[in-house]
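Per-chain numbering from 1; labels A, B, C and D assigned in written order.
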């Protein structure tokens, strides 16, 4: 189901937007979008056996089965519970098991123990998904005008939410399979070839008062709003992310041994974890020549973008290179000003430089760490009700990443999209773009 | 496959013994015994789905699937590797994945991560078992006289080892299912009814020089040897283990709140863990009236033996009761002197007082904590080769338990049998018998 | 040596500035300033016995004796080592013991073990201070024109550095004495009386392009530069910090029990630490009516500013109050626009509202948590050489606080001053000012 | 005050014994003994400054000042509180600060925080000691016949208790000073020279029914009773402890790298701690040629007894040497049978083989790890009242050591004496004697 299509940084397509009126066309479009997203989740899970789907290799990661159930719980809780006549829970204790972090909804099963949920099993979760799908589809076809806006808005949120979890299914299963000394592959063939990295150009941008944040009528998360002015000094942005070869030069030059390149917390983190290369690089006899991927163990290609780095490593690399990371505002401004956006493809699963002629910015299928702590925009208001916990309460201690990765669902991201992780997170498909 | 048969404390039956000569009868008897034990493991795993079989709820517990593979690895490594012509490993990295703790064999996959072994899956483990079974059965029928003694001795060890893991499959899966708020049952019906506890009598024993340790020609582990003299003062032993009703009286009397009853380490353990009742008792609104069992949640029966206690709790209870725990020598001496042994049944799965008329000692389907630290007997020699790691290297920091439990394979234990766990272990089916 | 004098947010006084020319007046002024700051450190340590001075109650805090030695090491390392003819170390292993975090200088004694430095003792540290003082004073009088700028600049840095440690001496000793059940006082008498809090007014500010960062010729740390433009939306700022009475209302209203008010990390922190009130409030029988201060245990005064809160608590309070914390840019802009600054006094040691008529903003002797993560300003360049580690490497995971506290040395802070701590830090004298 | 005198394994001298009648002689003898022990504590503390006396380098160790106060609290609590007319506490909160672990007495200040007790300071502790000394001396002279036995028994216990803490003062201060990179000496001169180790002989002992435990009228702790029969197989005991040269051979032979020599828990401990030599050996460039002692850094002498080892190391060494550790019963039986006991000297402070002609057994000034877990003797009864917590509640998870060390007070130990520590403890002066 690979779909490769050029994509603008400001999508306004109808796919997951909230239309105010429930015409037959809107109902059908949303039902089709619903089914497409839900089907993709099951397709992503399909290559995984029951045990693979239950793997939880660290508290930050969740089992695939849990993702499948949690995204279903989201629709059940936030839509069906409120808008379905004669609603009853599919199974009452799912409400605890599959509530991720919504305090307003109730008790949550402890996150570090999600790998201990042997029941429901994968078939029972498939049944759960099927029943909720039936009920949601019915509701989308039957809900009256008065509730259409709320229901369709929550459905759009639920689908975007599910797309986020689709990416997590892949990152989490990669981390889970990595624990196995046989290094099993998630997918056996079809890995894309690396394309030449090319020279990095420094693109100059003028700065001034920029508009930052979501505009237009397309779907966006609450953390992308409100759109606001932000004053930027003139700056320069690298035309492409850092490559494996460039990162190898940093390592050869003693980058991991020189505390002066590192943030203080980063140095402590790196020393405590004895970290000396990106997460999935495989060291044998002191050398790294391969890495673990969703296609199993593969040669490290010097022309590929480097990936699976923490913010601390990205920051140390930038210091070594005599540069810095861009702020999220610089990043967004440049993407908009240059009208640049990666070609999106659903399932390449491996970072590679974007060969398509997309203008001055080249992307690499990696999320790009910014220099910005994840904070509310001026005037930020969380969504109303329990979904208000979606984003706002995470606005401390995390760092914004921008762009999209080779694991991101097509059509999911945009110029104003704000991804965020703790600075020591490495299991996401994260890379480095420099600024000056 | 329930088998209930009276049993003497000194079994000499042929089942798992090492015969010196490989007559056709011996070959056939061992093959039959082999098949029976191996089949029972699969029967115990049968009610469990793939995810259930992969559960690891704490580092001390292992997934059922891992037990199934590890016991197979034991035969492959200690018998086939050495005695099978043209031996090759079923799958080379199983050697790391399923090596529990044998340093002489090689690297071991980290114990706390056994729940992360999604592959091999349950079917691949079944294949592994079937192939090793074929090869062992062939070997038992073909190995020449010269190696018979070694092979049959290792096979007997492997089968006794597998019986130990059969008990662990049950204790570990109970702990794993306990993590699930829906409290799923391992077995849906057939729980035995509690029988009246009856009064506790104090049996007086004379002491003097006792013979302690394994005698006779039946199988025994190395830690039961050599048989030796041990001087005992006269003592008294309770005729039966402590009941739920008696333990409830201890709790009601503030037993968990009075540090003077506890060992110093026990008090620290109990305070840190906020422990106020046996492991599987379920507290709702400050009261415990049910407990989690392999049959799911069930009423706490006052006439059942109390179980799933740590040594610290057993010791505190004994202090409260104005008594003490018996030493392992007292325990063994009494069982031999009184010629007492529980009726053995393969699968009652729930502790209950032993209704059969077995003489002055009544058992309860619980392992009985002794006062004895697990130490080598005078003159102890570990088995030769890698199997020498079986017992000896664990002889520190652990406490001996004696008897057998309702989860122990029939025919597996005996008067000289020494079970051992850390003093804070509670997930075994452990109870209390008092001494004075 | 109490000195209370009105103070402008933009001090340009000569005290600790770097003059480019070494006239006799400049030399004398700097020597006098040097002596005054150095003397104040010793005066702060004077009430403390040898054991008090060695207390380290947590890794974040350091012993008073260590502060006294470290500030001396700073002058020895960064000035004498480079500019004193015939330099030799006072005592070579002090270089490891009293190096806080300067990787470019060499090895550092582990921070969590500073309380284990029994030797040098307090008298040897006094000798160390006296000798370095002699040598610095000589140098300031003798260094030639060519090095004056560098030496005087480093001396100014060293004195501002020492003033920061003076505040830490007080915060750290308060935390240290708090561990003692007898709750000893650092100072026995002279605690200032609380003054009425008064009503909070909401001051409206226009926003627009603001100048943020240090300007002028006075001393500032590198993290306050460069001065730059920042676009602000119109906002409102509370005229004074939150009072004890107001915070008590938050507690009474269940503020610590409602997860919806908290950041996700804050809730986890608060639950794990079972935190239900500010750090130094003393709970007896479920009620807090007193708090521990540098004057020992004292009544909680409703009209005092609330203090010793984490960022998480400040943020939760703001949510409860239907407001938010100001950004550091809003804070700085308001202070400049309104030309407001607290009266400064060296040693009141207790937060109190500032009774002096200082215009629309009232201060409370507490550092004010902002909503801003501690990040580099656009174009930030760390100082050259090892002092470049002073600030820049801490720019992750911390939150900016603005203003000054009742423990801050007079003349030390200014409108552009950026203090920073981890969001869970509570042992600083930190409080809350709201914005909207 | 060095006193070197030959000593028998069964002291019956009057020094710290409990006489039943309070004749003038008894009163005076006890007063003199009291003063001598109390004076020695102060003499041991005298070389230490205030900060040295407050050092707590790990939870297992306590500050010297705390030992001085705790031993005083012992007399105040167990004697004065009960027997002094018009008793009042010297200072009420000392009761919490200096209660080590007596739950029956009340709350205890947390052990890991004892280094945070800056007040009372060393002078206030000296005052505390002086006042309690006055009051105890008065009481010993005035208490009537009726209470003499109880008071004199508790006084003997208190003095033996204080002697134990005298040894801890030395072991704990050595560990505290070891944290300082300047490796300060507790004592500057007078270290005894090493004497030749000589050959190890294997002494054969017959075994049979041995009498184990305290006999006679001299003082003994409750854990040495009751005296009882214990059956021993014939065994052989090494004539002297293992030397540094012998232990170096173990290391050179890869003893720390061979898991087959180690107990399972010992291997895990050693790997986690990256332990490759005894605690105080100083490794520079991969070699150990010196060690830290109470005399500062000194050459490792091949002819000295090896010391400061954990039980795990002692056990691994014994396995490597093809031997084992003796049980505590073997040890006691041999010492009695051979009538062997070390020359006792109050303050050599460094392990050395005992040159004096003491018969077949040679001692080395080190406690000797036995193979025996610390358990109650058959019929053991703890002392009545709160002092019943003295020993009994520690009878789990610890290992018995026998003999005495070069830090033990003269006259303090005997053949039946049972010292005990956790198997990973290394900061005591512990060594190895082999058995077979």
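Going forward, a contact is a pair of C-beta atoms (placed from the backbone, for glycine too) under 8 Å apart; a residue touches a chain by one contact, two chains touch by 3 or more.
It should be emphasised that the depicted structure is a prediction, and the values quoted were computed from it without experimental measurement.
Listed by label, the chains touching chain C and chain D alike form an empty list. Taking the CA centroid of chain D as reference, the farthest chain centroid is that of A. Separating the CA-averaged centres of chain B and chain D is a span of 39 Å.
Centre to centre, using the average C-alpha position, chain A and chain B are separated by 47 Å. For this pair, chain B with chain C, the centres built from the Cα atoms lie 60 Å apart. Within chain A, not a single residue touches two or more of the remaining chains.
Applying the touch definition to all chain combinations yields A-B, A-C, B-D, C-D.
Within the complex formed with chain A, the residues of chain B that make contact are 49-55, 57, 65, 93, 96-97, 109, 113, 115-119, 121-122, 176-177, 179-182, 184. On chain A, the positions that touch chain C within their shared complex are 101, 103-104, 209, 228-233, 259-260, 262-267, 311-312, 315, 324, 327, 371-373, 375-376, 378-379, 389, 393-397, 423.
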